[in-house]
Amino acid sequence: MPEYQENSIIDTIDRLAENFYRLSLRAPLIASAARPGQFVMVSCAPFLDPLLRRPFSIHRCNGSDTLQLLIRVVGRGTELLARCRPGQSLSLIGPLGRGFNPPPPASSVCLVGGGIGIAPLLFWAERLKTPRRCTVLLGSRTGKELTQLAAEFSQLGCRVETATDDGSLGHRGLVTDLLAAHLPTAAKTYACGPMPMMAAVAQTCRDAKVACEVSLEAHMACGLGACLGCTVHGDGGRYLHVCKNGPVVNAEEVAWQR
Amino acid sequence: MPEYQENSIIDTIDRLAENFYRLSLRAPLIASAARPGQFVMVSCAPFLDPLLRRPFSIHRCNGSDTLQLLIRVVGRGTELLARCRPGQSLSLIGPLGRGFNPPPPASSVCLVGGGIGIAPLLFWAERLKTPRRCTVLLGSRTGKELTQLAAEFSQLGCRVETATDDGSLGHRGLVTDLLAAHLPTAAKTYACGPMPMMAAVAQTCRDAKVACEVSLEAHMACGLGACLGCTVHGDGGRYLHVCKNGPVVNAEEVAWQR
Amino acid sequence: MAALNLPIDLSVSLGPLALTNPVLTASGTFGYAAEFAHLVPLARLGGVVVKGISLAPRPGNPPPRIVETPCGMLNAIGLENVGADRFIAEKMPFLRTCCCRVIVNILGDSIEEYAVLAERLTGVAGIDALEVNISCPNVKKGGVAFGTVPEMAATVTQAVKAATNLPVIVKLSPNVTDIVAMARAVETAGADAISLINTLIGMAIDARTRRPWLANVIGGLSGPAIKPVALRMVWQVASAVKIPVIGIGGIATTEDAVEFLLAGATAIQVGTANFFNPAATGQIVDGIEAYLRHQGESAVRDIVGSLRLGA
Amino acid sequence: MAALNLPIDLSVSLGPLALTNPVLTASGTFGYAAEFAHLVPLARLGGVVVKGISLAPRPGNPPPRIVETPCGMLNAIGLENVGADRFIAEKMPFLRTCCCRVIVNILGDSIEEYAVLAERLTGVAGIDALEVNISCPNVKKGGVAFGTVPEMAATVTQAVKAATNLPVIVKLSPNVTDIVAMARAVETAGADAISLINTLIGMAIDARTRRPWLANVIGGLSGPAIKPVALRMVWQVASAVKIPVIGIGGIATTEDAVEFLLAGATAIQVGTANFFNPAATGQIVDGIEAYLRHQGESAVRDIVGSLRLGA
């Protein structure tokens, strides 16, 4: 699997909601090679502070020259990205890591996304759009962050359900509350979001004996498997390195208890 | 003399020539207090690299709410400033240092500016425009950097002569070549530019027994007289601190030999 | 989150020296306070530590004296200062009007100079404490030797203590293998408090001219770049000694200051940040108050050393 | 400026080890080279120094292991590695295809472990030299003691030299009072070259949670922030010893690399910069060539230690 260090050009930056931005980037090398669930390391500043690149899932990709990132502003790096303008260039490294693994042919699947964890699921849903039933469960603090994304999943033919903390869209409560009802018909679940959410999804799937893949997060320095910094507790006391063993791993590989 | 830490707003950025930019900033506190020859310390980056503020002469000032900087791009800080856009805010500290001291009433004066050293002279020429003869000698590498500035000095009623390294405008050679001819009629000379230029001006004025003030440069950390970093060799073996003793000093105070 | 109107107590004590709040300025970065009078509400600070003073005036090093480095700067000022007499005559009158604690940073070439200087400053109205710089790396005959050998640091401390009844803070150099040994030595020798860190010794070269950037070749590294080293040393020292510790090194924001308090510092000093953000000290005083409110704490001294370790 | 077509000689020698150019990768920041195979023309490098290897595999520290700091980062990886046997079996096959020098960084808990490890790696095809890490601050029982006491550093050096006929580079820790004493000790003990610096010991705290950012509490500071300290130590050591010195610490650009060469380093290693700019090493090889051309020099070895001092 080739990896590239590529100077992408920003095509557009759209503000989807407060602190939620979608960047479209021209990056032909990376876009041609990217698979759903993979990520890129983005250089956020022209100088040495902030120093390290930031990891972002590939949110969408046309497979030839353009890819999109969905970015939630949480700190200095993401703030700088949100302030970029079309035409500027942004250095990327990617596509990195292991993506989602296909479900059994023609089976039903369930995608569960919490907050910014929704980002990689759209790319996956696009690629999954074969004749199969795809249910997408989306959770966030408030409805504003979900409306456009929910519509886009629907356009792909997915069945979408939402949950919000404030009840402003769909179920008031956790997105995991919606999951159990769908598991009897699902052959595989794919989840991305905060660790507690993914732990709950993993447990629910385990109870229902449904296969489950999750996309992990960890602070990263390199994204290349070189620094050994991006560790997560795995099963059997071993360590997982999110950038190489993941970000997408089988839920059984993670020590959710720790 | 009050000093302010003020968040200015960028009104306009004009590119006068390659790597030559003029920024207009709304900064009422500083603009009201500024006198010709003083400078401001500008924060160039939102984060910690580059860390220190950069000193820039006050290039023009309307005396109430707006001041201008003339910036030559030479490194990282100036590059960031050139990339700013109108509407952005820029933190300034100023007005700082000692400015130009007035010439005898109704006397003739001579202003000598080399390269970016022209910056503070326009503000000074504006304030000097009483019924007096003001000769302005401007030097630079090439004519492009001078045309607009020369016109602006002319509009103020100054008599302008130019010198360029490539001969593309005015005298081909050093701006100091033009000086001697004007000294018999000048009561005082004000110079700002590279150290060798100012040294030559100082020597010529000394020979002609004409008073001479120069505006010094030194790397600065604070601009406030606190770090003691901005040292230049002064006469009698003592040290001058450019930000407090200057930037404008009597040419006799400087040890030009060192 | 706690009630919004919680009364907050910012006062701390450095042994015998009571401060209204833990925010001080670092020596050499705040001049003699007058330089910042228009930019900082001086009365709002816990105190100012003035530029290092020697017995006789010193001219300092030839230029260039400073150079910027990644997230930091190097300085080789060479301890330029006006000397004790002019300091008392010319700088103290303004300092007495500041309404905050005045701590005088002192330096010397010999044990005797430290002692004589301490005696000279004792009894001068408005001086609240002495900070003994045993660590400046800029002057060849200066403090460097004192600050790297525990026995010598102890000797200076004893000499200064014997010469004054003012509270004595000893300021440690980070350029040592074992910072805890240095701290223990000056504690045993009677220091009332310890401040750390002074600058790391560094160097910068201009690749184009192939020359060092500083006339002095080497200089002291300060600023945010050194914060992780400073925080580690403050934590190690605060865990090892009983006297109060003042944290210094790269502090530019409220979060930075709080990190040092959590690591065990009773007070903090802001240095290089005064250059790029003169308002920093005042902002940090306000910021600590807001932080405590947000954390549901009512007194800054309750968070000193409250770092949570273990799972 | 010199003729544009000047032939440029980039080759240098680290004692018995000849390099086509002075640009190496720093241990722990370039994996086992395969990680960068798509991003760097490996054959263009002077060599790679692989992640530190111990005799037995090590799991490393619990997470979190890294945190960003101003212009730098802290790591407490805890020397996670696959151990000597798996390294030889799994990593060496690719490394043999790199067409550049392969230097194996080794670490141990005891003099014996160093010696046994050195012996084990000797004679393995494709290994060109050993770099002895006596300085890693991350593991409690690890190299820290060796790297801070001259006698212990000398003992490790002797043990490794006795166990191998490969060139032996000893990598020094900067967390010492007297770096020159450390360098002299390992030179006298027979080291073929010295590399420095390893990371500075640092710490970071999350003010919000009041916890250390690293599970290990303290970690090693690397990146541009430490460059001034590294450059100073390289200059001091290169001025004091006769064996070649490899400069490490915050090198990210051609200018950075050149500064270390001017200060006296015969070669340099790029560490943290590989993370934020994987192309850095290749760019620096090209950049040094361009720099020499621009300066009118024809061989990189002519600028080693050519810093101009005095007026």
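Per-chain numbering from 1; labels A, B, C and D assigned in written order.
In the analysis below, contacts are C-beta pairs under 8 Å (C-beta built on N, C-alpha and C of every residue); 3 or more make two chains touch, one makes a residue touch a chain.
Every value quoted in this text rests on a predicted model; they were computed, and no experiment measured them.
*Asks:* Trace the shortest sequence of touching chains from subunit A to subunit D and report its length in steps.
*Replies:* The fewest steps needed to get from subunit A to subunit D is 1.
*Asks:* Treat touching chains as neighbours and tell me the shortest step distance from subunit A to subunit C.
*Replies:* The least step count works out to 1.
*Asks:* Taking each chain's centre as the mean of its C-alpha atoms, give the chain farthest from subunit B.
*Replies:* A
*Asks:* In whole angstrom, how far does the Cα centroid of subunit C sit from the Cα centroid of subunit D?
*Replies:* 34
*Asks:* Once you find the CA centre of subunit A and the CA centre of subunit B, what distance in Å lies between them?
*Replies:* Taking the mean C-alpha position of each chain, the two centres sit 53 Å apart.
*Asks:* Measuring from the mean C-alpha position of subunit B to the mean C-alpha position of subunit C, what distance in angstrom results?
*Replies:* Subunit B and subunit C have C-alpha centres separated by 36 Å.
*Asks:* What is the distance, in whole Å, between the centres of subunit B and subunit D, each centre taken as the mean of its C-alpha atoms?
*Replies:* 46
*Asks:* Give me the residues of subunit A that touch two or more other chains.
*Replies:* Within subunit A, residues 48-50 contact more than one other chain.
*Asks:* Which residues belonging to subunit D are in contact with no fewer than two other chains?
*Replies:* If we look for residues of subunit D contacting two or more partner chains, we find 70-72, 223-224.
*Asks:* Sort the chain contact graph into one of these: line, ring, star, complete or other.
*Replies:* Drawn as a graph, the chains make a fully connected set, so complete.
*Asks:* In the complex of these two chains, what residues of subunit B are touching subunit A?
*Replies:* Of all residues in subunit B, those touching subunit A are 45-50, 76, 80.
*Asks:* Flag every residue of subunit A that touches subunit C in the complex, lowest number first.
*Replies:* Interface residues on the subunit A side: 48-49.
*Asks:* Taking the complex as given, what residues does subunit C use to touch subunit B?
*Replies:* 28-31, 35-36, 38-39, 51, 59-60, 62-68, 70-73, 75, 77, 80, 223-224, 252, 272, 274-279
*Asks:* Which part of subunit D faces subunit C closely enough to touch in the complex?
*Replies:* 69-72, 74, 148, 175-177, 200-205, 207, 209-212, 217-218, 221, 223-229, 231-232, 235, 250, 254-255, 258-259, 262-263, 291, 295, 303, 306-309
*Asks:* Within their complex, state which residues of subunit C touch subunit A.
*Replies:* The contact residues of subunit C facing subunit A are 70-71.
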